[in-house]
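Here come two complexes built around chain A, the first alongside chain B, the second alongside chain C.
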Partner chain A sequence: MNTPTLSKTKKTARGIFGTLIIPVAVGLILWIVCAANGVSMFSNAQSLTIFVRGVATVMLTTIALAINLNSGRFDFSLGSVATLSAVISAQITLNAGGNALTMLILSIVFGILLGAVSGGIYVLLRLPPIITSLGVALLYEGLAFTITKGSNVSFYGKTDVSGITTNVLYMLIIIAAVLLITIVLFDRSRFGYRYKALMAGQKVSVNTGIKEVSNAVVCYAFSGALMSIVGYLTATSVGIISVDILNFGSIGVMFSAFLPMFIGGFIGRYSNDKLGYLLAAITMTFFSMTYSALSVKSSTQSIINAVLLVVFLIYLSNEKTVKDIAALKHIRNLFKKKTDGETNND
Partner chain B sequence: MKTLKKIVSVAVALALIATAVLALASCGEAKKVKIGVIVADATGSEALSFRNYYKEYIEQNYAVEFLYSDALTDAEAEKAAIENFITSGCKAIISLASADRPAQIEQCEKAGVYYAVASGVLNDDEYAKYKDYKYYVGAIGPSLDVEYQTGYEMAKAQIAQGKTKFAIYGAGVGYRIDMHVQRTAGMLAALCEDESTTYGGVSIPGAIIGSLYTDGEVSLSKFQSSKYELVGYHALWNFGDATWQANLASVVAAEPEVILCAGTGLSVFGQAVSGTNVKICDIDSFTSDYATAMQNGTVTYLAGKYASSIGPIFAAVLDAVNGHAVKTEAGEALALGQSYWVATSYAQFEKFQSADSVANPIFNKTLLDTVVGDSISYGTFKTFVETDRTPA
Partner chain C sequence: MDKVKTNEKFSKRQKLISLTPIIGLVILLILYVVIGIIKDINFKAGFEAIVNQSVILAIVATGAIFIFTLGSFDISLGASTLVSACAGGLVYNATGSVALMLLTCVAASLAASLVSSVLGSIFNLPVFVTTVAMMSVLSAVSEMLITGKGGNQIRISGLSGLENIWVKLIFLVIFTAICVFVFEFTKVGRRQKALGGNPVCAKLTGISVKTYAILAFIMAGVGIGLGGFLTAVRASTITSGTASDIGMNIFIAIVFGGMPISGGPRSRIYAAIIGSFSIRILSQILTMLLAAVPGANGIAQIVRAIFFLAMVYLASMNYRTKMLPR
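Now for the complex of A and B:
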């Protein structure tokens, strides 16, 4: 009776360890680095707000990227959806005198529409998503520029629309709500089961009656909704929407989510990948706060982030070897082979 | 069958006439001189006010058409944009982008296209090299000395008010944008006039400028003073970047009395300082956001350019394209300075804002026509540019 219980406990402990090791270890290391330099990640009253906002934007972007990328669909239009949905909702809200909630709801509605259009273009044209999403990115960047007549959208003096991004509780609610909806939609619903079936084998799934077209469009629409929230949070927190993103100026947003996506995927093996994206976002935001505290130049930040990404990918590709080395298995095996050889010779 | 033939004949004839009419009409349009404008900023308030002046006022009053580039952030992009304009038949290029001005000048000289710098000038070495180029019209705008002086006077004005706790926003210092480097150096030099204050161990303006070009930033650890505090530094425009946002917030959280900004300070800090006692001093243009900010006391000092200040360089370009380029007495390209208008109160700001609009610019057609022609002397042009037009 004791053996299964022990095994279950061991499994749970392993799950908790695997889930928390990266954010906890990174947080600790960076805290030590900051302390050694006489600074702190959380040095002022605004730090917590910035941290939570950073976690929210990274997590949402990562989930938005992963939804389609896990199915092999590269989506370069994420940043442009965020900008265009924010531009449209801001224009309506500022002209009609709405508040923060109005703008957030409008952003989500337009985000869903823009995402669905992006997905619609992909399923209609039947071209590789890497091509259609680049086209959509150009189109949306141009539309954002045209709607504003090339002028950045300024929220200066419009405190009504920035209430959410200055309130930690509201942003925590957004994080929790998005996480819950994503888990229910992708892990606990018929849509989610079909999504996973399509991921595992599209041809077989389609033959069993699963409609891959509608599934893909819903994925794009959901991704659009998430990016619209990112657009809203970014715009209202800094007080400006820069439309100076013509000619693929918006696609960097997608690349910023790669590292947290891989980290989230790794954590997901021990628990749930969506929870993994949240913890990965926390990890990445620890880095951002440290860069700020240590006044690290943006060029240096890019190099560090790139190195981290490459190192993590190398680890994922050679995980078994790395683990074996860490457990000294190679040396033991070599030693064992040598000993066996000597025994046989005898 | 005959009727059908008649209908077809009439239709073909009508089509030919229509084509001829359209061709003639387009011939008329072809007389418009195409001028390419390359810009580093396409969406900022100053950039848009310049663009509106050219597109909505100058195009309506002169037979010219302005073609605008996207925002160009590097030399390669500038080169490609100029190539595009040359292919499109532009007779001249007006540059508001400064990643690689020597390359721009060389490219236009080779192509036989006139080239001019708006709202800025070449440095001394560059001017010495290019002043005799046939197609280099010249540069009209705040000189680098004026940029330095503008930053210096901004900081001096705050010191005169008894302010001692500062932060600096260097805008494009990270990209080594000349005007932002000069303005920031001017601010630091003003603080370094105090005996106890040094930057990097020195207080000489030249050394401060050199240090900023080398580091690409203001280093807080280099600032030493027993009188002033420099509690924060921020730069660039990475609005979507969490680290950039965190640094912006930490600058405000350090509670400087005033943030000295080398440009676009309100766009960057406006939201962050609302509800605090932190004030902004800035160098930008006279837009509605600044009106609100000056009225509510967020911005207490604004050195600004006015939209039609780029009128004189247009006049110089038009003269050159028409074959009557204005040159100095020595036959060299123009290098004329302009200065900023400085508003320290809302009343002053309002006066400046209403003095120059697209509908009624300071450099209007009547004024510009005094220097557009075939016998404009250098003296006349110089006086035209350098006359103080600050509203009384």
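Now for the complex of A and C:
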């Protein structure tokens, strides 16, 4: 009689466990590692700000990457959109004497525009997105360099524009707002249903009348908006926008989001993939904080992150085999126990 | 009758479009000569610069064609070239042997390529993501090799005798000849094209995806090794920025040269050479035109981007689909 309730409770518990296990386990392990070395991830007053900023940056980049990649569209232009939108908005804000909010809003507006242009080029040329995004990355890097004539944009002495980046509450609002908007747009709207239909079956969806072109352009525009916030957060926290990114110097941003995207996708199986991206961002920021606390060299960090990515992918790509192996082991243990019991009885 | 004429017309149009990369290269060459005459440049030095800049890219890209033919994509080629150059440079400094240096360069890049391909093949990982991880690892390894002895560079001296365009051209011609032979006249090339064109059908006919993926990475590894060797010879000082422009430019060069991104039977070895020379000639033209303009590098890159997209658009006009490509 209680079976459905029990089953539901079990399902909920499984969902909560699956959703939280990675960030909690990683956080605990890294906390122990730090404690064993006599350091702490949160050693001073700035640590929380750095942590929340890290979470915001990673989460936004991951969602921006995942929106198009889940539909089979590689987007190499993410980093260049972040830089160019930050350069344009910074130039306007600094020249007009605006504040942090002005720069953030301008960044988002230009991010949407740049993303839409990127999507527009893709749908107009009808070339594979991997090619158009390379062209767009080159174009935007060149534009950022040309606008500033090769000089970096500096925020030295301009504390007005970095007000958001130094305030934990504002960044938490950004994280919550982005998460909410993304969930509503992609999981609870007509646009989102069509996006998912196109993702699952492009040909069938197009034949049933779903407008693929406008859906793709909106995806690029939304992705651009997210990257513009990343550009703003990075620029104002570092205090400088480096335009020395010619020749694909901006595409590294895309690669940094792969691991959190796969982790987020895995967590998403138990709850929601967007929530998964947030938890993956928290997980990755735990790593960054630990590297910083332990003064790990950047080359070692790269190797650890790459190994983590490969190991996680090996698990994801061979999940069934891993489970089968685990199951066989389980059966073998049961068999062994039974045999041991029979021997004892004899 | 009309249908035959229409077909002939379409076939001619297809042929013309498939020749777009070669036509583009010829136009760029003519433009280079015309602008060079107007600007009164030293043509000997100019052509030497083009060859110097193109050959390394062309060699690495030619090897990489084997990977791209399978419809795969390797992002770690630039990082692998740097590791290969670093390893070769260190061995040369320790032994003074050019032969050992060349062998080390090829061995290092082959090892890197094999790790990527074996990881991808055995554990069924997506090749692109595997190479993203490899790129991080190789960049870290090169940093360790460069800073291993406390400095931030590897200095190589005594190789100036090898630093001339004829040596580079010999490397390019020999390696291209081997690649053309393997690609066009052996079952390896044919099967790779089949796998790139229709993997399901190729698998059903008994072609092993794993074997041919590993073979593709081996060919690419040899190209990277030779590129790494020439990089070490050319740059007497290797830093973490050496060969940094090779990685993505390989992709640009291959696509620019008319290689379809999906790989398959339309793949051509010569795409790498045409593309490499085209983008270097274009860069030289832009350098001549924008020499006195502030922020010239940025403008040059914008023009390069537009030119790249326009060329690829023209070259792929035969293959438009109703749905958006992915």
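By our rule, the second predicted complex is superposed on the first by the 325 of 346 C-alpha atoms of A that agree within 3 Å, B and C clash if a C-alpha of one lies under 4 Å from a C-alpha of the other, contacts with A are read in each partner's own complex, and residues count from 1 in each chain.
We adopt the following convention: a contact is a pair of C-beta atoms (placed from the backbone, for glycine too) under 8 Å apart; a residue touches a chain by one contact, two chains touch by 3 or more.
The model shown is predicted, which means the values in this text are computed figures rather than measured ones.
With chain A as the common reference for superposition, the partners chain B and chain C occupy clashing space. Residue contacts after overlaying the shared chain place A:Glu212 against chain C, while chain B stays out of touching range.
Of the two partner chains, neither chain B nor chain C is touched by A:Leu20. Using the contact criterion defined above for the overlaid structures, shared-chain residue A:Met289 touches chain B, although it does not reach chain C.
In the superposition on chain A, contact is made by A:Asn247 with both chain B and chain C.
When the two complexes are overlaid on their common chain A, residue A:Gly150 makes contact with chain B and with chain C alike.
In the superposition on chain A, contact is made by A:Ser162 with chain B only, not with chain C. By the document's definition of touching, of the two partners only chain B reaches A:Gly239; chain C does not. Look at A:Leu138: by the touch rule set out above, it reaches chain C but stays clear of chain B.
When the two structures are aligned on the shared chain, A:Ile303 is found in touch with chain C, with no touch to chain B. Taken together, the two complexes place residues 145, 148, 150, 243, 246-247, 298 of chain A in contact with chain B and also with chain C. Across the complex, chain A meets chain C through its residues 71-74, 121-123, 125-132, 134-136, 138-139, 141-150, 202-203, 206, 212-213, 216, 243, 246-248, 251, 255, 258, 298-300, 302-303, 305-307, 309-310, 313-314, 317-318. Touching chain B in their complex are the following residues of chain A: 43-47, 49-50, 53-54, 57-58, 79, 145, 148, 150-152, 154-157, 159, 162, 234, 237-240, 242-244, 246-247, 253, 284-285, 288-289, 291-293, 295-298, 301.
For chain C in complex with chain A, the touching residues are 73, 75, 119, 123-126, 128-130, 132-137, 139-141, 143-144, 244-245, 247-249, 251-252, 255, 261-262, 294-295, 297-302, 304-306, 308-309, 312-313, 316, 320-326. Against chain A, the residues of chain B that register as touching in their complex are 41-45, 48, 51, 70-71, 174, 216-217, 220, 233, 236-250, 252-254, 266-268, 270-272, 274, 289, 292-293, 296.
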